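What follows is a group of structures, each given as structure tokens.
Two complexes follow with chain A in common, the first pairing it with chain B and the second with chain C.
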Partner chain A sequence: MLGKSLKRREARVAFSFISPVLVLYTIFFWVPLILIVMVSFTKWDMFKPMKFVGLANYYNLFSDPYFLKAFLISSVYALSSVGLLIFFGLTFAVLFNRPGLIPFLGRMLFFMSAILPLISAGAIWVWITGPESYSGLNSLMSFLGMGRGRWLAGSNTALLCVIGFAVWHGTGLNTLMYTAGLRGIPSVYIDAAKIDGASGFHIIRYIIIPLLRPITLFLVVTNLIAGFNAFTPIWFLTKGGPGTATRILPTYIYQFGFNRFRFGFASSSAIVLIGIVLIFTYIRLRKL
Partner chain B sequence: MFRKSLKSWLINIAILALIAFWIIIPWMYGFGMAFMPNEELYKIPPNIIPRNPTLANFRTVMESLSISRLYLNTFLSAGMAVTCTLFFSTLAGYAFAKLRFFAKNELFILCILKLMIPEAALVIPWFYIVGKLGLIDTVSAIALPSLIGVWSIFFMRQYISSIPNTLIDAARIDGCSEMGVFWRIILPVIKPAIGALIIVNFMFAWNWFLWPLVVLQSNRNFTMNLGLHFIRWLEMGGGENPTDYGALMAISFLYTMPFMVIYLIFQRFFIESITLTGLKE
Partner chain C sequence: MKRRSIISVACLVMFVLMLFSGASAAVKEITIWSWGAPDAVIVGLIENSWPLMEKEFGVKIKHELFPGISETEFVTKVVNAVRFGTGPDVIEANDITLSTLASEGFLEPVPPSLVKSLQEKLLPSYKNAPYLWDEDGYKKPFMGAIVRDAGGQIVWWNEEMYKEVGLDRSPRTWDEVFEFGKKLTKYGADGLIEISGFFVRTAGHGGGIGDKFTPYFLSAGGGSLLKIENEKVKANFNTSAGIAAAQFYLDVLYKYNIDAIGIPGDVGGWEKGQTATVSARRFWVPLDVKRNAPDMYSKLRAGPIPVAREGLKSITTSHIYGLTVNPTIDSDKKEFIWKLCERLNQFDMVKRRTIDTLNWLPYREAVTEAPFTEELWQEALKCSENTLPRLEAPKFSVVQAILGDQLNLIFAKEKSIEAGLSTAAEEISELYEDVMLKEL
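Let's turn to the complex of A and B:
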């Protein structure tokens, strides 16, 4: 009797605690999610009422060569930045994981760069990879006696520059995660290997890398998801340009939605992006 | 012995070079440029530290943007997002961690589903809903969708789960009300988590770009990072005109400084919360 009334009291309190969250989620998550699925089957510019068009948006999407190009560029961007981030993150973490003032300084500064705002790092990258003769890379090139490049403004080099930015700015965070992981490896393993005569390379290859596998897996999937979602850096650096050289899926959605007001079409490409991200999230949940 | 010290000496040199080229030179030059007159900006090779510092670049920025408005908008929207998220997610986190109620796990899963849906997909319906509310191009619209702090709820639930149940039951037996349990028992214990939550949500808000870009249209309602975006593309016009690096770095300086101050104050929470969650923009 008492137990039942206690339980009821508890449930009442619980619902009053979570109800604000439930209301917010309904307005800004569940309804939008349903809305976007609905809209993807319609033609809609937000002014006139929606017009049901069936699967036409999806048909147009998959027959649009620019969509396939955007998908390809997204994959190249995500995969190559993930590879480089993992490589640099692990290398720097191992390099900085030793006693002394200089490695400590390295850890400190890389941690700090990890949390500095993305866009202010982007502003510096705009200068480094600018097409002008006085931009960072071009000053360096002329110092080395080489010619001038167009970098961020060149249709062949722009993608390279954006990937470079993702790596330059993201390495700090990956180094931080790997450093935390290295701290968790008991030093007896490494001491035992040293006594058995293992070289530094062998210790890294056969002890550190296998033990850091869970972190690596986590970082690969997180960085992949972030790579497929990377709207901010791309839009700030290139707006997807020049031409369509750096147009990835989120910029494709944004441009069709908010520049051309084809929200139905944009929603159908958003559904495809959701599908891609869901696959990776599923892998992350399965493997962790 | 000698070979070993040579090796560690070489590694230290490598680390120093890495720090210099990866972090110090770009960032120092970036901040230096904010104070450089045009002649110095166009110099090859560039000076790292400005010879004749000037505020001209800041004046250029102020010609097209009102800095005080940008600061106000950014702090207002970030403050709103942080306060509300903190309040709601602490309550919800406690309920999901410690209270028993109908469809608890199902509701929780429905909430964390949000982590898997890309923001680029959600802004279209958000824009429609905020339009229905008549809030397009207002400062309060910026914070609205971020009030669903899914990460914060998850984090709070994990943190509160680690509090022993006996503590809560003891308080209940002593006649403490449910609100009293939350207020007197839970809140004092989760202070570090609240610190981490404030910092991380502030960081999210300070960096938030896509949604403000969609919902804000007039310069006077911009947040700081939209100001940066505005200056970045102001003179490009799709053509060959060079970006005004001086002005860009000037506003970038204004954007970064408050953040740095807050970082230095809360540094401890920052690194803790990042390693705890592997947070990613």
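Let's turn to the complex of A and C:
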């Protein structure tokens, strides 16, 4: 009896501690989410009253070839940037995970891009990959005696450039996470493998990569979520262009919502995006 | 005793009345909202005009800028803030914000006395620029803002680059744009453009593409954005004039290769010598060039907007920026603000801002002194003599964004001209389903 009332009191105290966060979370997450779901079944320009249109927005969405294209571009952007981030993150972590000045400087160098504000990093990337003859990449191409490219302004190269930006800006953080993981691996495993005659490649393949699996999974899922949600870098670098070459789902939603005031339609696209992100979130929660 | 009580009550009532009238008359603070990064005029207002006004009127002026959000986000924010009573006292707005405020019934007409004095001050070609429709359509247009800047879009060209290829004036027709452009455009050894002969806005934010296309080439080609049909607003750009204007862009990009998507343009590109010719809508171009690229100032020349073919009149569409009062604030404060605006537009104040910012050109009395008497300014004024008001329709920003998004696809060759324009037209007709207008 006494135990039960103590538990109840503890629960009350605990609830009073978390209630401010719960209130804020409800106001800034659950209420907007519910509103987005409701708005997705309406026609609404934010000025006039909403008009219920049933599933019309979803029907129009899935019959819009540009939505399907945006979904495809989002997938290419998210999957390829994740693959490259994992590869470079692990490679640099292994390369620089040793004592000495050069590995330290290497770690610093790769982490620098991650601590740069997104907009500053974006401005640097525009300078590197712009179509002008004096851009970093074109200057290098000219120096090497090769033809210049239109890079960010080219319909075939713009997506590669924005993926490149995601990789350049994100590699530092991934390297840092892997470095922390590497330092958690007991050295006895590696020493024992060396005594047994394992090569560097075998140590990485059969000891390091399996032991870093939880970190890899965490990075894959969080990078995928970030990739599908990416808006600021794309908007800053290309505004989704040229044409629709880099128009991913968040820019598609933004264009319909905040440029054309079709909030019902934009909300239905946002629901689809939330669905995609939820799948990855579920995987992360299940596996961790 | 009784008489003393009556006198006491009367005194008390008078005191309360005085207190209340005093409270409403003494405006302590005025808030102003503006969209975008501060340009020369905003800086001029904040640094020069507002301190003078504060001193003269005994009021604190709080000017808030919103540079980090898109124009449409700002418009939404302003309209909803005004609707829910949390808006500023004054809105420093351009035609897009003004047209949206008007279409929601939130635009306060400028008082008649102020309209009269403004009309006397404005240059003839800008007299109609600040007029909007009323809530009942276009039957009785009214002045919706006190103009602080209005500039027709014209061509700015680099005299030195033109001279190098034997040209002494900017192109007057689209055929000349191609002809001159071929001479002016410089290509690298790999065939890519180094210097564009004639910049056209083909990429970036959809609203920005539509914003340049409509006044610059659609109007110049004899077309118009909208029309009235059976008291309904309909798109009017999916016509032969609209198709020709879009084709002109495609020819610039692909047939004559005198500009390319992504080539830096606008005034920034011109200042860096990356484009020989740009179109820009406001008279701050000379100031901008003087400040950011002083070496280029002597090369700057102004020209009219080229027309589709000989015989058509070159026209410009005036963009306006102005101050308007939040209609939901109390009437005493409103009256106070209009008085302040009136003072702001008196000659000594206008002159001060004009000289500081080179930007109060629509005012007749301000352009009679240097530097506006210089040849460049006179050219610019002459080129924008035929100015049409740009406050064309309700929800104007959305119309521009819809059209711009489709033009973006057309210019990137992802859609045909006909398909793109008809998609935009359908969407705009749907947008105007519940808007009734009498005449444009």
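Just so it is clear, the second predicted complex is superposed on the first by the 263 of 288 C-alpha atoms of A that agree within 3 Å, B and C clash if a C-alpha of one lies under 4 Å from a C-alpha of the other, contacts with A are read in each partner's own complex, and residues count from 1 in each chain.
The definition used in the following text is that a contact is a pair of C-beta atoms (placed from the backbone, for glycine too) under 8 Å apart; a residue touches a chain by one contact, two chains touch by 3 or more.
Given the structure is predicted, the values throughout are model-derived calculations rather than measurements.
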{"item": "Chain B versus chain C as contact partner of A:Gly227, first or second or both or neither", "value": "neither"}
{"item": "Which superposed partner A:Gly164 touches (first chain B, second chain C, both, neither)", "value": "neither"}
{"item": "More chain A residues in contact - chain B or chain C", "value": "B"}
{"item": "Touching partner for A:Lys48 - first (chain B), second (chain C), both, neither", "value": "second"}
{"item": "Touched partner set for A:Gly89, first chain B, second chain C, both or neither", "value": "neither"}
{"item": "Touching partner for A:Ser155 - first (chain B), second (chain C), both, neither", "value": "second"}
{"item": "Chain B versus chain C as contact partner of A:Ile274, first or second or both or neither", "value": "first"}
{"item": "Contacts of A:Arg260 with chain B and chain C, given as first, second, both or neither", "value": "second"}
{"item": "First (chain B), second (chain C), both or neither touched by A:Lys239", "value": "both"}
{"item": "Chain B and chain C contact sites that coincide on chain A, given as residue numbers", "value": "46, 130-133, 153, 239, 241, 258"}
{"item": "Chain A contact footprint on chain C (complex, rising order)", "value": "70, 72-73, 76, 79-80, 103-104, 188, 190, 192, 194, 203-207, 260-264, 274, 395, 398, 401-402, 405, 408-409, 411-414, 427, 431, 434"}
{"item": "Residues of chain B that touch chain A when the two form their complex", "value": "8, 11-12, 14-16, 18-19, 22-24, 26-27, 29-30, 33, 41-46, 88-89, 91-92, 94-96, 99-102, 104, 107, 110-111, 113-129, 131, 144-145, 147-148, 153, 178-179, 182, 203, 206-207, 209-210, 213-214, 225, 228-229, 232-233, 238, 240, 242-243, 245, 248-249, 252, 255-256, 259-260, 263, 270-271, 274-275, 278, 280-281"}
{"item": "Chain A - residues contacting chain C, complex", "value": "45-48, 130-133, 147-148, 150, 152-155, 239, 241-245, 255, 258-261"}
{"item": "Chain B-facing residues of chain A, complex", "value": "7, 9-11, 13-15, 17-18, 20-22, 24-25, 27-33, 35-36, 39, 46, 92, 95-96, 98, 100, 102-103, 105-106, 109-120, 122-124, 126-128, 130-134, 136, 139, 142-143, 153, 168, 171, 173, 176-177, 180, 218-219, 222-223, 225-226, 228-229, 231-232, 235-236, 239, 241, 249-250, 253-254, 257-258, 263, 266-267, 270-271, 273-274, 277-278, 281"}
